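Chains: A, B and C, in written order; residue numbering restarts at 1 for each.
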Amino acid sequence: MQTDTYWTRFIAVREQSPLVHNITNFVAMNNTANALLAIGASPAMVHSMDEVEDFVAISQALVINIGTLYSEQVAACKLAAVSASAKNIPWVLDPVGAGATPYRRTVASALTRLKPNVIRGNGSEILTLTREQALNGQGRGVDSLHDSNIALDAARQLATEIGSVIAVTGAVDYVTDGEQVMEIHNGHPLMTRVTGLGCSATAIIGAFLAVEPDALLATVAALAVFGVAGEVAAGWAAGPGSLQVALLDALYGLDEVTFKKHVRIIGR
Amino acid sequence: MQTDTYWTRFIAVREQSPLVHNITNFVAMNNTANALLAIGASPAMVHSMDEVEDFVAISQALVINIGTLYSEQVAACKLAAVSASAKNIPWVLDPVGAGATPYRRTVASALTRLKPNVIRGNGSEILTLTREQALNGQGRGVDSLHDSNIALDAARQLATEIGSVIAVTGAVDYVTDGEQVMEIHNGHPLMTRVTGLGCSATAIIGAFLAVEPDALLATVAALAVFGVAGEVAAGWAAGPGSLQVALLDALYGLDEVTFKKHVRIIGR
Amino acid sequence: MQTDTYWTRFIAVREQSPLVHNITNFVAMNNTANALLAIGASPAMVHSMDEVEDFVAISQALVINIGTLYSEQVAACKLAAVSASAKNIPWVLDPVGAGATPYRRTVASALTRLKPNVIRGNGSEILTLTREQALNGQGRGVDSLHDSNIALDAARQLATEIGSVIAVTGAVDYVTDGEQVMEIHNGHPLMTRVTGLGCSATAIIGAFLAVEPDALLATVAALAVFGVAGEVAAGWAAGPGSLQVALLDALYGLDEVTFKKHVRIIGR
């Protein structure tokens, strides 16, 4: 696929300025909102049980992130997710730290079973979700997973079983719908030293889902834009502090020539 | 009125360093606290029902912002607002997203009826409050509002009915007590791409209310300082990320010559 | 003690990348996480009662900060603290605003009695804790405290009574175990105009405790690294906004030559 396809999706976000409803963690709320503003979307952080159903109904996409979960928020996440699905509003799940505690595993697994359009996580988060899915008797075991590409195999399995697009991000990002696998070779290692950039990436996927119904295409485009902006920003930055700032500037100012020069997407 | 009048209020904030009690949203907490520190005030973010009454009693102003409201916080807002009024401590309300959901409308309306000294919002937020006030049978309908200047007319009506100063911020900021209307022609369009700057503006109004009992004067001075600092910062910034940083530097370093050179306040 | 001793502890943090569990305030969450990432540690912000016990068990240190306390969080703090102590996982307390309200005094005092390995606060916070400790009948009165060095005397008394290391930070930082007193003459006055830097300092103490069992040594090393990075950053900054950014860059890039050139630690 031509890089033009991805760039035009970014233009669509800038032109349509979709309202993106976020139920996200307290660490990343500020820079997630700023990342969405920088790409031209309209962010809202709304998590009260008293209004999530009403708010999701006026939004073009929903982003759920369990980074600093607690029981009331989990309830709000479930209610918002069910409402979004019922109204065909696309939603994306970021299962932060899914494997760290039994509680987190349980919540991440429950949200996964609500069938988000996209799930974005790192390798171990996706692996945890796939294992939990298997333990819940709804999938094959993970014994078949190869050591070499264990997270990608887990992602493909999970995508097939729940019908979602799965993005495994890291040095290389993998995006799969269970059959197709796309690789994005962008981004910069210094990005791992800034908190909440994975959360920003997930939110940006939400914005792209709002303008593009093909979840695989939307996710690849979002991660490509985010990765290219990260590379540009890393070139301006003296460390992780200035990288966080520069990334917002780079997302805001990203132009077609720069994007097409840096983007590296490979279909496997 | 001479610009000197506004500048001396800023000097008063820097010299008196008022303690400003904030019950605000999770997105803007960090940059609101930093904005208050940058102008020389002393911020505190305190929202537990177990201490808001005690804390407001030692503060010089209270700022209430419903951006990420939830039921416990709403209760704390009401308790703090009632306590502040009882002790003649000035308070300012930021009815973020007042019209977005029924819950938000109800809460914003209830807080409005507690008669804040100042309310700052964008045009649609102020319009929502005026309509709610009318629906509660405590005001005229909004039918009389002209299309042209609809938010300003709503602001004047609301100001008259509840006896507060109302600030409608946007490309031009309008501040009214129902009779007088002051316009501030400062700020920069890039400021709309940074999250929480409206929240910072509201908090800065709180700091100025702490040193100046005339709420109209305090509000105009606060918005003028904030707008001028925003213009200065936009001149230094490469995008919204660096603008957020530069704005704090500009607020901190703002001097009299720069302020008087840029400030543009018009009485109507 | 040679400055080499302190520098090698920083190298240990960078090499071991300890997982630091934070239950902290909403204002400082983002920059605390970023400060921990910048020094090479691995931060997690986890505060739900449903998982704090499980999470502390996989962490190398725990940081508790009551800046924006509320009842559920206080319960989570106590549970996490007790769990950490039971497993010999070091923990550090930041009693933000301990004296501001009765509720805050009660909570800070209760957490102090759980015997954190380190407490870091400003002079008035430490003085409050010492007074509360005395009022609870578990210590001498504070009558003996001299006016001149009142916070340091309070710190020594508190350290002796609860067996913790106490750090009183300010223009000069004092660290004591009740007998030894170490002074750190680093940092920069502009740091007081950035919110949450005390919280970041406390979190960094947590990271150093994870790699160094001697709490006095760990605390002095952490505050020295933080203070030197602050000085370096202040040299780059145009105000408090850019200082916040530059501090993360400085922590990330700090090298041995710069550290040894700037560090000024004095044993009394």
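Here, a residue touches a chain if its C-beta (ideal position, glycine included) is under 8 Å from a C-beta of that chain, and two chains touch if they have at least 3 such contacts.
Remember, it's a predicted structure, so these values are computed and weren't measured experimentally.
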Original post:
How would you label the chain B and chain C contact, same or different, if same means the shared numbers make up over half of all numbers there?
Top reply: different
**OP:** Quick one: superpose chain A on chain B by CA and send over the rotation angle as a multiple of 5°.
**Re:** 120
**OP:** Determine the centre-to-centre distance between chain B and chain C, using the mean Cα coordinates as centres, and give it in whole Å.
**Re:** 34
Original post:
Just how far, in Å, is the C-alpha centre of chain B from the one of chain A?
Top reply: 34
Original post:
Going by the touch rule set out above, which residues of chain B reach two or more other chains?
Top reply: 26, 30, 244-245
Original post:
Residues of chain B touching chain A in their complex?
Top reply: 25-28, 30-31, 67-71, 97, 100-104, 193-196, 237-242, 244-245
Subject >> Partner chain B, residues of chain A touching it in the complex >> reply: 26, 29-30, 33-34, 37-38, 43-51, 54-55, 58, 72, 244-253
